[in-house]
Amino acid sequence: MITTNEINLRTQGDTDIIDITAKVQKFVTDSAINNGTVTVFVAHSTVGITTIEFEPGLVADLQKVWENLVPENIPYDHDTHWGDGNGYAHVRASLMGASLTIPFTDRKLVIGVWQQIILVDFDNRPRNRTVIVQVMGE
Amino acid sequence: MITTNEINLRTQGDTDIIDITAKVQKFVTDSAINNGTVTVFVAHSTVGITTIEFEPGLVADLQKVWENLVPENIPYDHDTHWGDGNGYAHVRASLMGASLTIPFTDRKLVIGVWQQIILVDFDNRPRNRTVIVQVMGE
Amino acid sequence: MITTNEINLRTQGDTDIIDITAKVQKFVTDSAINNGTVTVFVAHSTVGITTIEFEPGLVADLQKVWENLVPENIPYDHDTHWGDGNGYAHVRASLMGASLTIPFTDRKLVIGVWQQIILVDFDNRPRNRTVIVQVMGE
């Protein structure tokens, strides 16, 4: 059995990080599927999906590390060609990845107590975003 | 239902980046499966799979960022032991990841208009590569 | 059909890297499932999962690259707030990712001969870890 669901949300720009764990768990709970996997996917090229212990210190640390690894204000060919100014956001999203697959049993995600599912919007302005949450199992 | 398919292609070396979106979508279209996930996996240790807006500026940006993060010409223990000269390629591939899972509905991948599936071959010479594309659903 | 299994292991701290390929393959072999995907997931916020050619040179290279990219001994807000001293481990795990999905056919993983599945424990002390291995297919 399969259910395909959407989370729609508004992000604030500048590597905004949002905890979507409860919404993903709710789609699993509400499905008639007991065991399987949930695939979380963002259909946007400047957004990544991963897990983290979601607390303000680590949210700030992750933002700082990205600025160290792939700085916003160095030249990117993307910006030269298209003038968007968000070349850094595309590259960061490509490195982080758009997809995450998590098993569940008895309708409960097997994630840790200190582990949350996060959306990271690297773009340089507020955006409306859609996250696809597909529940598959039996 | 499940179909397991292969993309066979020739890469050019030096972090060659190839858009495989149309080929992945075709396996989904050709299956008799309406809804589910497609898993894209490379069975090579110097190749990664991710998504990006596939345009020449970002292709060049991604190549430059990898050279900044994991440079080709610094010493790697792998090269000292084996003499392959591609230690950087192994490490980059391990960081990028070999696998990507994307949902589809009504036989259409849910990826964005500006989001393509890419193979990144970090190796230092042309290679023949196989990508596994497994379609699973109902 | 679905089977959900666990690997329990003891890690040694300091970016300990462990090859879990044989254990993952065994769960696939032992299931009554011929074709499908296996999802490997760690329910810990300081551990990552990926693939690499598992040989001592590359294990050392991967550890050195992580120390270059996300150093252990720079200030992290997580450490300031919580005193754990493992802020670097959380950030590295978040960048590497907690999940890996691999197709199998005829009960055999489609991974390469020179490609192993690894758990990377970034934490700064020995830990007991659980890896979830879910086999799904037909």
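Should a chain be cited, it is by its letter among A, B and C, assigned in written order, with residues numbered from 1 in that chain.
What we mean here is this: contacts are C-beta pairs under 8 Å (C-beta built on N, C-alpha and C of every residue); 3 or more make two chains touch, one makes a residue touch a chain.
None of these values were measured; they are calculated from a predicted model.
Asks: Line, ring, star, complete or other: which one describes how these chains touch?
Replies: Shape = complete; every chain linked to every other.
Asks: Given that chain A and chain B are copies of one sequence and touch, is their interface built from the same residue numbers on both sides (over half shared) or different ones?
Replies: different
Asks: If you average the CA atoms of chain A and of chain B, how many Å lie between those two points?
Replies: Chain A and chain B have C-alpha centres separated by 20 Å.
Asks: Which residues of chain B are in contact with two or more other chains?
Replies: Answer for chain B, listing residues that touch two or more other chains: 69, 95, 97, 101, 136.
Asks: Give the list of chain A residues in touch with chain B in this complex.
Replies: Within the complex, chain A contacts chain B at residues 1-2, 4, 39, 41, 43-45, 69-70, 76-82, 87, 90-91, 93-95, 97-99, 101, 132, 134, 136.
Asks: Show me the residue ranges of chain C that touch chain B in the complex, using the header's touch definition.
Replies: Per the stated touch rule, the residues are 35-37, 50-53, 55-58, 60-62, 65, 69, 95-97, 100-103, 105, 110-112, 114-115, 136-138.
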